[in-house]
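Both of the next two complexes hold subunit A, though its partner changes from subunit B to subunit C.
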Partner chain A sequence: MPLQAIRQVAKPQNGVGAFILQCKSLHFTYCDWAGSSKGMNSFLTHYLPRFAQQNPQIEITVSPKPRKHPVIKGNYINGREKAVCVANMDPKEIVKKAVLLRDASGEKLKKVTKPVKSLNESVRGIWDPFHGHQWKI
Partner chain B sequence: MKRVRVERWGGSLLPPRNPRLQCPFSAGERACNVPIRSRTLRPITAPSQQQRQFTSTRRIRQDVEIAAVADELEAPPATRYPSPRADRQSAKLAALHARLSLPARFPLQTLSRCLIDASANPESSQNNSSLALLGQDLLGYHTAEWLICNYPRLPMPVLFAAEYAYIGPATLSNMRAEWGVEAAAAPGEEVDPGYLQFTRQQAGNAMAEDGMHRIKEFEHIRAKGTGRANEQYNWRRGVSSRIVYDDQFGDLQSGLADPVVGPGGSMLTSTPKDGSSAAQLEPAELAPLDDASASGELKSTTLEQASASFIRAVFGALYLHCGAAALRDFHASHILSRHLPLHTLFNFKYPTRDLSRLCKREGFEPPVARLESETGRHSRTPVFVVGVYSGKDKLGEDAGSSLDEGRVRAAAAALRGWYLYSPPKDRVVLPSQASEGRWRPQMVDPGEIIT
Partner chain C sequence: MRNIATLERSLERLLISHATTSTRPICRSCRVAASQTQQSRKFSNSPQLKKRGLKIRREPDTAGEDLSKNPDYVPATTWDGLEQIGGRKWVEEQLDDGTPYQGWGQPSPVNTDDDRLYSLLHDTIIEVLALRSAGRPVSDLNNARRLSSDASISHVLSRNVEFKYPQGWEAGYEDARSVYGESLSPAETHAEYGRRREVTLEDVQVAFRDQTVRELVLQNILPAEETEEALDAASKVKSDFEALDSAAEQAAEAEAEQDGLRVADDRWLGISIRDPAVRFEITKRLTSLTGLIPSDFNVTHSPRLSTLLHNICKPRDAPQPKLAERLSVSAAIAALPNVTVKDRRITPIDVEKDKGRWKLIEQALTERGLPVTGQTTWVKPNVERGGKSLMTRRKARPEGKRPSWTR
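Moving on to the complex of A and B:
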């Protein structure tokens, strides 16, 4: 056999072809009695139907959680979970938090210092002494 | 964890969990009036002599009820397996449909069928096996035509590896996770249809029932039913035979019917009984799943295989519901958009010899390696840049830490350059685009060098 092949797995590039929203599901909890859920209850009745309609790719679940602050929990494709407590917030603030969770990638927050991240290897290759500036002694 | 209420989905079909209840959720008659087999009580708990003195009518009624429940448990209910019924609503399923941007013509019921593996429901009209078979062929066709038209000189082993990288089971299994599909712990009618359902294979390291052996020690290591003649012999598999007999990745197939050698052939594993021909016996051999379903056992599978069959089934179903153009777009956006540097798939053994054979075949002048530049010849990190020339044409260049390494690497670079030739993008017209009225003959190279 003149040559053999090395088996690999092609890497995903989300957004190059299809884009898949990384937020899988959002879970809203509320309390009927406590005052911290006042904004959440208003959000659930007036804003959530529209939000769910605009984002059909997110599975939305609502459940009561008595005597607790209202929380939005997002589950992401990478398996992580992100939770935001929305106690004492206005419905419009809660919409902002829901949008934040929808747009998150699920990764831990980290500082991006390099401007470009690429799967391709560098065009310039590894350093070699024959190209670029020649040092003369 | 909160228990899921089964009544919501199949309340009219299932008997009540508590037999004393008078079926608040169902029509009543069918589920509640379980036929009690006269007075033949099963000794579930053998009562002692003292207890029998206090046996009352109430006690007898309880025993009858317990016996009825035991009968119910013994007889399997009509719907044991998960099925893609139209009335089963699921937020997960609808979200998955929207997440993949599937067309509205792709029904949710079919998507839920794609999520039922053959190991979860052996009924072929309810599981994804037929869709997966179609999808596998479609995936193979579209990927192979794209690879061959865009890289017409790709050697066959590399073509196999590239197909494996794009549509192999490992990649499809990753895609299942990237699509946000989770697998159910065990299949069942009560499982949300948005989960991938399959029967999990036991780990090979698990102890077998005899307590002395591992499960993997009982399994035959070599695949059976490869479709090759004389598969009991460990014959060499060349590339040409891989193209003819094996699957899209050049791997042995399994589970195929044995090739029939002849009426008196010694290769027949099962001899025909009393005049029935081998052809009549074949359907029974070809349908191991039906046998398994008859005995009430399900074949088990791994998460990777089940995930791959789900992805294939989605492609097959998309073709059936939405047509070839939708499938091609979906394939381009989900498969061909993946990142695969093809030049890393090559593994040369004798690149200098291959290059000289190639030059001979193509009528070029024999290749000559020349030192382009060097540094630190007598240091511990020397670098030699070697170029390979055919006459005045430079075929390839690379650097190595010795003269020989530089020469070999330069020859490999020249071969990679030859094999990875790609025609201009505007000249590539795939054969599947002929239905759009575009057709252009495509160049395909005679193949790699055989040494």
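Moving on to the complex of A and C:
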């Protein structure tokens, strides 16, 4: 049997070689008239320039949406979209929501029950010094 | 007991009927007073109240007392000369004679541009200070006729009047001017300066270069009790002002040629009007001259003349620009390559255009004879009846032309 070279295929692992932010773009909508957009209007005036400067890889769009509550919509590289209504929030709360959408993976929210998530899960699990045979000194 | 109460009531009725059927005529006021007395007596003697231990305070029998004490009272024997109520003549007398109502204010807003409001407030404060210097109450201000709405009076007053302020206040004003410089308008400079220090009405004096002007200003403001002399003097004020204005214009032209333009002195805008009476009189005078009625909030929140002027001018300011306009001119946003500001709502068609799919979608819709834009309403299919979903408001397909997908 001829010797075969080990097949080595580069697998992208986010954060190992490079980190690619999962959020592609954020879309901010507001209303000029409605009181629920007061905080959003203040955020867009005073906080948005700094937020956009800190996150140059995110495409940011601002557009009015009359007679509707303000919303932030995030588009992710997995093709999904997440929207957060920020009605009646103050600008600092809106900054937190924008950061939340920026850091999100775009996946649906799931209950995390296992410590490791893998495409190729190990049968043996993770080694743990406190389980199995214990050596007594 | 019951029989006694019934007897008492019947006796009172008898007394009342005797009084009303008396042949002696009684005037209306006496009749009303007499009936009220009877009523109160009736209530106070009621057995129910007596049983409950309550007493009603009886009104003194004023009608009877007045009649007995009035030495000029002569009982009438006939109804000639007595007051009569009712009848066509009486109704016509009560009707309005049709004279139109003349209010103290302008029927509709006039003189409402900012420069005119500025000069009218200037004239008003001169009138207030002139009244104070003459020892007259500020409440006389609104007896002034509407002469100040004429531009000639403003011209004359601006040329002939000088305000005198306390020494330290002027220095403070110059400080404010040097700090804020040309970036702020005079009114805004005063608003800034006024936060640091105010000048009260008592500390400011007004000096007239020509004493005739002072006399004319005071003559224009009628005293609380109008006299014929005051009215005659006030009627001539307008023509005198116009004569002074034409003379002053010629002098001013000659002066301007020599000295150049005179810088306007806006320091009077810093005068405090915290006294509600003074503030009310000034606001009422402005309202009578312009027809503008500032809101109570704006009046009560005007501690200085500058703020009052600002509050009167404010409602007529241009509407605030939209947020999209403000963001698009913002230098901070313009410097960011990853931020796009749209001035209108982003529609689904815009999204498809951005992705480059819209042309294909439009072509496919046209081929099928479906509406490209506009509303289409989805009608829920009635599954129980075996119905199919329908698109309503569909455009009529041209006859003889079948869509390509049906071939």
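The working rule: the second predicted complex is superposed on the first by the 106 of 137 C-alpha atoms of A that agree within 3 Å, B and C clash if a C-alpha of one lies under 4 Å from a C-alpha of the other, contacts with A are read in each partner's own complex, and residues count from 1 in each chain.
Methods note: a residue touches a chain if its C-beta (ideal position, glycine included) is under 8 Å from a C-beta of that chain, and two chains touch if they have at least 3 such contacts.
All values derive from a computational prediction rather than experimental measurement.
Legend: residue contacts after superposition of the two complexes on their common chain; A:Glu59 is shown touching both subunit B and subunit C. Touch criterion met: A:Asn120 reaches subunit B, while subunit C stays clear of it. In the superposed model, B is the one of subunit B and subunit C that contacts more residues of subunit A.
When the two structures are aligned on the shared chain, A:Ser36 is found in touch with neither subunit B nor subunit C.
In the superposed model, A:His27 makes contact with subunit C only, not with subunit B.
After overlaying the two complexes on the shared chain, residue contacts for A:Leu44 are found with subunit C alone; subunit B is out of touch.
In the superposition on chain A, contact of A:Gly17 is made with subunit B only, not with subunit C. Once the two complexes are overlaid on chain A, the subunit A residues touched by subunit B in the first and by subunit C in the second are 56-61. The touching residues of subunit C, when paired with subunit A in their complex, are 322-324, 326-327, 330, 332-333, 336-346. Note for the complex: subunit B touches subunit A at residues 91-92, 94-95, 97-101, 155, 157-158, 160-162, 164-166, 168, 170-171, 174-175, 177-180, 194, 239, 330, 332-334, 336-341, 344-350, 354, 373, 375, 383, 385, 399, 415, 448-451.
For subunit A in complex with subunit B, the touching residues are 1-14, 16-18, 20-21, 24-25, 56-61, 77, 119-121, 128-130.
Per the touch definition, subunit A reaches subunit C in the complex via residues 27, 29-30, 32, 41, 44-45, 48-49, 52-53, 55-66.
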